[in-house]
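Chains: A, B and C, in written order; residue numbering restarts at 1 for each.
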Amino acid sequence: MRRFLLRYLIPRFLQFLTIIFVGITVTFIIPRLAPTNPVEAQISMMMARGESLDPQSIASMRAALTDMYGLSGSPLQQYFAFWGRLFRGDVGPSLANFPTPVSEMIGQAMPYTLSLLVTAVIISWIFGNLFGALSSYYPKNKALSLIEVLGQAVRPIPYYIVAIVLLVVFAYFIPIFPFSGAYPVGTHPSWSLAFIWIYIKHSVLPAATLVLVGFGGWFIGMKSLTSNIISEDYVVYAETAGLKKSRILNYYIMRNALLPQLTGLAMSLGTVFSGALIMEVVFGFPGLGMLTMAAVLRNDYSMIMGIAIYSIVGVAVTVFLMDLIYPLFDPRVRYQ
Amino acid sequence: MLRVLRDLLRYDGRFRFAFILLAAVVVMFLLSFVSPDDPNKTFVVAMDAPPSLDHLFGTNSRGQDIFWWLTFAVRNSLIMGVITAVISRVIAIIVGLTAGYQGGWLDRVLMSVNDSFVIMPLLPILILLGFLLRDMMNLFLLGVILGFFGWPYDARLIRSQVLSLKERSFTRTAVYSGTNGFWITINEHLPFVLPVVFATTINNLLWSIGTEVTLSVLGLSDLTTPSLGTALFWANQHGALVAGVWWWIAAPALVAIILFLGLYLFFASINEYIDPRTRLRLIGA
Amino acid sequence: MALLSVENLSAYYRTEIYGISRTVRAVDGVSFELKPNEIYGVAGESSCGKTTLIKVISGNLKPPLKVNSGSVSYHFGIHAVDMLHISQEELRRDLRWKEISYVMQGSMSVLNPVRKIIRTFEDIVDTHEGIPDKKRFFEQVREHVNRLGLPSEVLTSYPHQLSGGMRQRVAIALATVFHPRLIIADEPTTALDVVVQRGVLQMIKDIQAMSNNTVLLVTHDMAVHANVADRVMIMYAGRIAEEAPTEIIFNAPLHPYTQHLIHSLPMIGERSNKVSLRGAPPNLANPPTGCRFHERCPYVMDICRTEVPELVTVQDGHRVACHLVKENPL
């Protein structure tokens, strides 16, 4: 147990803290390195919009904004104040939807992104691994080779392009799926069956984007892992002992190959999350990606900052949770 | 080098396909130098004409020939990708060699930071950066910024290569004969690591060009310069699909797919070729 | 009647990559027999074809390994089996583990790292006989392991929790669940420390004495053969150099290669320096002409460079392939 703590749990926890530390520090430093002062930019933008402001209210607004951005005091004081605010879970109000807090808007958008992301990641991981293992175990199977070629062909294409192609093909030329959004204008989200059906129909193409791009990576990863494991002594032994192929594939090959793939899943979450953001923009899916797009269009600096912080912390927490679950699958870690 | 190319062309179907795709990309790149149109001028041809012999990919709502415009986009995207690749290669090699050779706490700290960048979602951070630098953004600057974020994965790869090289006898011979650690790294390890660096360069190009597309679509790049990303941005901006000008979206998507698929297959093929196991089979050990 | 007869067996590895094809003649023209109720040792340096030979006779042919010529036939009681032409399914269902079992080289890693030992027993028994009653099965396995001197706790452990010697014993216990007629043990003691080696060898001897089956013991370690084997075959570069009962091999070896192997064994009280052979075993992708040992042989003659020496019987049960012997028959 002590070895487990020292050699597994504590290093993972330190890595978790490092991700948060590095991520938050980077988001803290970036705005301060930028040549534009966000406060002045904000004020000049308001003036450009034609809002009439007298010098006095400009001055008070400047003070308020400086405080909100955490730009008062020395850089070190700012840095600690920044952390202090984060610990309270406060990333300030949205500038474009003043005074709604950023965290509240992120909270509203999060379920859309999460439901889509979790479903898509699980589907692509399971199917990628399954077909990858099968294709390595049955190298001559034509159908599996075809799946491999298709998976590999989609894999390098950026999420945005795949989304666009799916949209053009399945919503524009062959309009079997809705063009945009998570539900049509005028419907209100509810837990009724009818709404869920509408929601699923709207989610198919966005989810398919994530699944298609992810699939090839899991497939090829599993295939190369499996082809290594196939020559491992314990597999050769099981074959020599005359075990049935299905049992070898299940308990000897897949079970062992899935462990590194589980780690790979944790490592890839950040990338998939980034992909989900941009995919939402294509399909007008009302999650964090659309929130980001709107924030960029409306110069909502605090919203962009908030999304960056929330996504870094969110991914780091998820990865750490997966690290906590991992020993359940790997006895070598469990009983050190 | 030529022999490698010949071998791969002859025996690897995937490489042949990649070669054809990349040749098409290179042709587009070169054609940009003889383009009859200036990509910065609008309304030089008829608007919204579908693909035809006169206009291979059709024309857009801004009165530009999409094919010729895209030749510039390919050129600029590639140049930006190369800038990113060069910068991130330098960082990856320095970090990877240092961590791998020095080991100890330096290795642990470097790899911990390294893994943080691998795990973190980079896009929100890049969006934040792009947002703040919006007014001064150009493709060169974007290439540099991406270069500073594109190294962690490859640094880890290089480090693991060095770790295995460190165990080989020639390293020990060098250490025992009193060679300075830095020179061992540069003279003895770097040559072995270079093929890996070459392979990862291609992967890095893919990442950087793909990220440019993403940021441009959000309007966070220099929108006056043609690139694969800005091509899609302007098509979206004019509601190309709603207006029925689908080729305005389809053409850059197609070119991007050719570019990405070509580079990826090229990468996969090279990667297999430089895999030590393949090399061992080749020399028959 | 022999349990196994191998006749003129040749098995090659053929690979082709980027247009360069290579043929490695790992086993070339090998003939021998295994009798019921004996321990038969196969010796030779690494990469002399020992492992390939085992792969072929146990029916584990996977590309690029291919049998070029020869035959491998078993006689299990009344029915004979042609190993090179049996269907994979028949081999799996009827022979594997029930008649022929296997203790593998590097048994340290033959156990699935994510499965408890009892699960591996379950996998094997369930495949071949089925497990109608789990509780009874567990009892039987426990008895079996205890009889071989292993504590019951190993069954509920994961492989990484056991020591190397313990894992090797588990592998032997696994190989003997069905009391097979032939146990192939490939380097069963390599990588174990000397004290543990002794225990493992004793276990193999005991099992053989208990169930009167045949053990094919493959190891490069001549000391192991001296202790355990009834008969020994010396392989060199894919061919048989010499085969004889153990006492003869150790007391009156004829082949220069055998002599070298025996003389390189350390003896108690001996102080002389050991002479090592020049060079290394030949590359089997491009073997030397004539006798494959001629490049390293201290007694090399002209004929050795051109003609392949035949394997001749010099005395009952003693066969040797060397031009020296042919010219000076005993």
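Rule of thumb we're sticking to: a residue touches a chain if its C-beta (ideal position, glycine included) is under 8 Å from a C-beta of that chain, and two chains touch if they have at least 3 such contacts.
Given the structure is predicted, the values throughout are model-derived calculations rather than measurements.
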| item | value |
| --- | --- |
| Interface with more contacting C-beta pairs, comparing A-B to B-C | A-B |
| Remotest chain, chain A as reference, centres from CA atoms | C |
| Cα-centroid distance, chain B relative to chain C, in whole angstrom | 52 |
| Euclidean distance of C-alpha centroids - chain A vs chain B, Å | 22 |
| Contacts with 2+ other chains: residues of chain A | none |
| Touching residues (chain side chain A, partner chain B) in the complex | 14-15, 18-19, 21-23, 26-27, 30-31, 34-36, 38, 152-153, 155-161, 164-165, 167-168, 172-173, 266-267, 269-271, 273-274, 277-278, 281, 292-293, 296-297, 301, 304-305, 307-308, 311-312, 315-316, 319 |
| Touch list for chain B against partner chain C, complex | 7-8, 10-11, 278, 281-282, 284 |
| Residues of chain B touching chain A in the complex | 112-113, 115-125, 127-129, 131-133, 135-136, 206, 210-211, 213-214, 217-220, 232, 241, 246, 249-250, 253, 256-257, 260-261, 263-265, 268 |
| Residue ranges of chain C touching chain A (in the complex, touch as defined) | 58, 60, 91-93, 95-97, 101-102, 104, 106-107, 109-115, 119, 123-124, 127-128, 158, 160-161, 174 |
| Touching residues on chain A, where the partner in the complex is chain C | 232-234, 236-244, 247, 251-252, 255-256, 259, 329-332, 335 |
